[in-house]
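For reference, chains read A, B, C and D in written order, and residue numbers begin at 1 within each chain.
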Amino acid sequence: MSLLSQVIQFLFTGITIGSIYAMVGLGFTIIYNATGIINFAQGEFVMLGGMVMVWLTAVLHLPLPVGFVLSVLIVTVIGAAFERVAIYPLKKPKVLILIIITLAGSIVFKGAAMLLWGKQTYGLPHFSGEAPIVILGATILPQALWIIGILIAVVALLAFFFNFTMLGKAMRACSINPVAASLVGINVKRIVLLSFAMSAGIGAAAGIAFTPIVLMEFDRGALLGLKGFCAAVLGGLGNGTGAVIAGLLIGVIESFGAGFISSEYKDAIALGVLLIVLLVRPSGIMGGREASKLKEF
Amino acid sequence: MAETILEAVRVRKEFGGLVALCDLDFGVRRGTVTAVIGPNGAGKTTLINVMTGVTAPTSGSIALNGSIISGLKSHEIARLGIARTFQTAQIFSAMTVLENVMVGRHTKTGCGMIASALSLGRMRREERTICDKGLYYLDVVGLGALAHQPAASVPIGTQRLLEIGRALAAEPVVLLLDEPAAGLNTQETRALGKLIGTIRDMGITVIIVEHDMELVMDIADEILVLNFGSRLAWGTPEHIQASPEVIEVYLGKED
Amino acid sequence: MAIKRHLPLMLFGCAAAVLPLGLKDPYYLGILVFIGIFSIATMGLNLLMGYAGQISLGHAAFYALGAYATGLLTAKYNVHFLPALIAAIIVTAAIAYVIGIACLRLKGHYLAVATLAVGEIVFICLNAAVGFTGGPSGLAGIPSIEIGGFSFDSDFKFYYLVWAVFILLFILTANIINSRSGRALRCLHSSEIAAAAMGINVTKLKVQVFVLSAVYAALAGVLYGHSVTFISPQSSDLMFSVKLLTMIVVGGMGNLWGGVLGAALLTLLPEMLSAFHDYELIIYGSILLVIVMFLPDGLMGGFEALGNKIIRKVRARGRG
Amino acid sequence: MKKIVFAASLCLLLCSSIVRAAEPYKVGAVFAVTGPAALLGEPERNTVMMLAEQINAAGGINGHPLEVIIEDTEGDEAKTVLKVKKLISSDKVAAIIGPTRSGTTMAAIPLVEKAQIPMISCAAAEDIVKPVKKWVFKTPQSDADAVRRIYEKMKEMKLTKAAVMSGTTGFGTAGRDQLKKLAPEYGITIVADETYGPKDTDMTAQLTKIKGTDAQAIINWEIVPAQTTVMKNKKQLGITIPLFQSHGFGNIKYAQDAGDAAESVLFPCGLLFAVDTLPDSNLQKPVLAAYRKAYEEKFKTDVSAFGGYAWDALSLVVEALRAVGPDSVKIRDYIEQKKNFVGVSGIFSYSAEDHCGLNKMSFAMLTIKDGKIVVAK
């Protein structure tokens, strides 16, 4: 295998995985912007997306597109319900408390998934066949193209939403100054609900696209959540573009690290790069100075 | 005339392209009250931040007692004898009123973590003097009765006095007050004026940034007027009140 | 005043001293030993988080460093326990110092991620250095703690060791909190800029408290290693850091007793819930959720509020 | 407290006079029923529950009902220590089976050694029984024997250059050690040595690197589901050299999850999966067939090698109980001298020097053909 095709192969791999990290990172960003909290249950939304999809298509035999839409909807509702049950009732909560609440929530989701679907792994058929596409000696699965495509679609939809719709603009206003936003008549509580629903939906889409390649089981969420969290922070908390770039970057670094340096230390390499970037730019790649402060810790 | 204790020479501060302080020169004489006034955005708070090391000036220097302090870190400047209060009171809310003032003694004491952990005799003696001094300065600002209240529970006016007490406990050479009268009623403002007089009588040089003109004219020995980061006027209250430039800025140009 | 301040600790110490006399079962002693170990680790983290307001998601790394340092020295190189302990403390403190200087410039979530990264890197290295640490298979055969010829080789003896260390550290920590350094520490939580204006060297203080809390975690790790006589990287992964943090939040941040309470709850709860088998996870998560939602100041905060309520009622009745 | 008591009521009815008077024989079991190793721990727990039910339904052991107290370690070492302490001191069990993982087993060893309670681990690592610990046995085959089987097969196929992949778990690391140690003995050179995390989602980077070498075969050593990904990624990259899996591949689910990609993968394993293809003369066949049938009927899911480890462990203890009664010392002595015990993982012969009891003959080289596990030709 020539060096060139190796490099391309590592790039393909990195971008595929990175797209997932990017989507999880986007989920973190949306909730962070609305509430200032880090949602530790973000990875569980990815897991739930994959598991619900498996259940809908493999057990209920729904066709793929229907299953996809339904799964995203179901997880979106779960996300919204989580906000209503665990976040909404609190008066003036501290950020750290909210973070621990999401952590407890992630344990509940994990426990529920284990009860519903057991401990084994589940696969899904690839969306459009498993025959790899060969480019310059490197291969990429059609499913990976699906993942990248879904990331692009999510980014495009979000860009449209935040820039061209009233609700999206209201959400942005809210993240900049919630007090001022509520003064001009924006319902901040509803924005928080919406942010959880959207993050859950994006996580679910990522999970569904990812499951055919990697399989899904009840406790896969935590690690994906962790990587997405790193992406969100590396990109500059609260900055969606940053999260996407950072997610892709972490994926690519991991892949090249494993390929050229050492697979044993590949996560350490990625985390090391993350550390160095943070030490040089304490608010991430694209983060503003203010974002480095916790809203009220 | 007393000698100059704090001297600023061509102090300049830029944020990106914005010039917040433009080559400012002035001096503060020992034992006086100097007020810094000016419209919003004139650079008053930036000046305080530069004087206390929160940000370093882009160019120029500030000297305390003849030695340069600009460019030093906040805590180093505090150690040299400049104490301050904040525009929005920054009290330590997780502590009692007395403990807040005891923090003020930080620069005057020296027991480290290990001595504290082992509760050495030296540390216990030091702790007693810190406590005594704290109670003394609480009495100075009139909060002696509230010593053991949680600081978070006292009203905003009291928090401002607490901040002053905390700054006094450091026994500073220069005390910077950043809009101490903001949010106080007339009665409280009058009491504050009296307190500032007491502080000057203790031999502490006071620099006060304030919007309340009545208070400023009442207590200031000298007034520095800033506009767009530059010195608009500098002199006694009478001089400032008569200055046509100041009147123009504050009241608008008379045609 | 001094007696009043130390009264809860004295009562606690007495209770801790008599408890095992009626409770000889190694299982229960084992649980109490673990609670003690986790309490020591949370005490340090509480100092950092609850008092100084700095978050760390990497304390499992220091726990592991402590455990591996004395474990390797005593098991592989036959070093006596005390010199090994001193070496462990020095090594951990030095590493924490370097990490602290680098990371503590960061704030909030950025600090959280940086410490998380450090913790994971240490975890990966412990896994990868198979020749030295034993890798994922762990390090077995760590001897019992021996001090001056006395060996803490039973659960009973180890129980007293752990809780004696705990009480000692508690006194030291309480002294710090109520001193000049402690007040400076608590300032950081409210306002760093005001703290600096009062002459407090914020950077230095943050690094100091970070190192101190790392040493606490290392001590807990040392005790863990010698109590189980086996250590593997798995017992100090990211989830352990998160667990320590959860213990503090559940128990009560900024309250030394909060950490103990949290450690006790999070250790006992899974034991009590194990009868629910596969339902354990979901019940555990739900209980955690409910506690954090309804007691935002932790169990300690809840107890205090309850206590105040009772006192007020009693007083009102006394007056009426 | 978690107590699963399997004193079946049927048993009480049938032989009430004996059983009511007889003390139950207590055996402890510690498995990773939840947590990251749950996929291993669950079949182990299920097997033990089923076996205990069967034994009690058949009248117990010499008239005594068998009580198996199952504790969940969550795969966590600190928890394991507590659970084992509980079994020893509160439940006063005569013997312990499990734990599931190598790490948790290593954490439990000092406890049982001190309490002098025999423990039969269901974890594979060599370290557990080497050096021999007086009170510790294990039922899974040894890594070294699995390695030998693979290397023999490679020799047979005239392959001399191997690329090694392993997970960063206790199982993976132990296998990697043995692969490196035994390679020279068989004239095999290891041209690549790659690892991956147990929760990793992609191994194309590692495999791309291997593709760039002149390896003639890939040997993958892991026990967690991540090993499925190796097969899928290998297929994606169009790597055609043979793939060997370890005996940690002992779960039909792993092969099913990989679909086509699992075709013709080679792995040494006990005979459980190939029971249909065994000749009737095979000593293990009745045991295997009965276990597999009962398990799949009861739990409506496929058997795995892990359940087999637990079957062997409990069956050994039960035989010992039947022979010597609930005396820990005698049980230990009995197991240590036990020869030709026909179990699921092989035919066990323990001795004072060997607490594993199996040799490489307990392995068959299996492969996947048309989605089914068959013996490799």
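The rule is simple: a residue touches a chain if its C-beta (ideal position, glycine included) is under 8 Å from a C-beta of that chain, and two chains touch if they have at least 3 such contacts.
Since this is a predicted model, take the numbers as computed values, not measurements.
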Labels of chains that are neighbours to subunit A and to subunit D: C
Most widely separated chain from subunit D, with each centre as the mean of CA atoms: B
Chain closest to the middle [Cα centroid of all protein chains]: C
Contact pairs, highest-scoring chain pair: A-C
Where subunit B and subunit D are represented by their mean Cα positions, the distance between them in whole Å: 73
Chain centre separation (subunit B, subunit C; CA means) in Å: 41
Centroid distance [mean C-alpha coordinates] between subunit D and subunit C, Å: 36
Where subunit A and subunit C are represented by their mean Cα positions, the distance between them in whole Å: 32
Sites on subunit A at which at least two other chains make contact: 114, 264, 267
Residues within subunit C bordering two or more other chains: 127-128, 278, 280-281
Touching two or more other chains - residue numbers and ranges from subunit B: none
Chains that touch, pairwise: A-C, A-D, B-C, C-D
Subunit A residues within the subunit C interface of the complex: 32, 38, 86, 89-90, 93-94, 96-97, 100-101, 103-112, 114-115, 222, 226, 229-230, 233-234, 237, 264-265, 267-268, 271-272, 274-275, 278-279, 282-284, 292-294, 297
Complex contact set, residues of subunit C against subunit A: 53, 55, 102-103, 105-110, 112-114, 116-118, 120-121, 124-125, 127-128, 238-239, 242, 245-246, 249-250, 253, 278-286, 288-289, 292-293, 296
Subunit D contact footprint on subunit C (complex, rising order): 25-27, 30-31, 34, 127-128, 130, 135-138, 140, 155, 224, 228-230, 232, 234-235, 270-271, 274-275, 277-278, 280-281
Complex interface listing, subunit D residues touching subunit C: 1-3, 33-34, 71-72, 74-79, 81-82, 85-86, 88-90, 102-103, 106-107, 109-110, 125, 127, 168-170, 172-174, 177
Subunit C to subunit B touching residues, read off their complex: 172-173, 175-176, 179-184, 186-187, 189-191, 193-202, 208-209, 212, 254
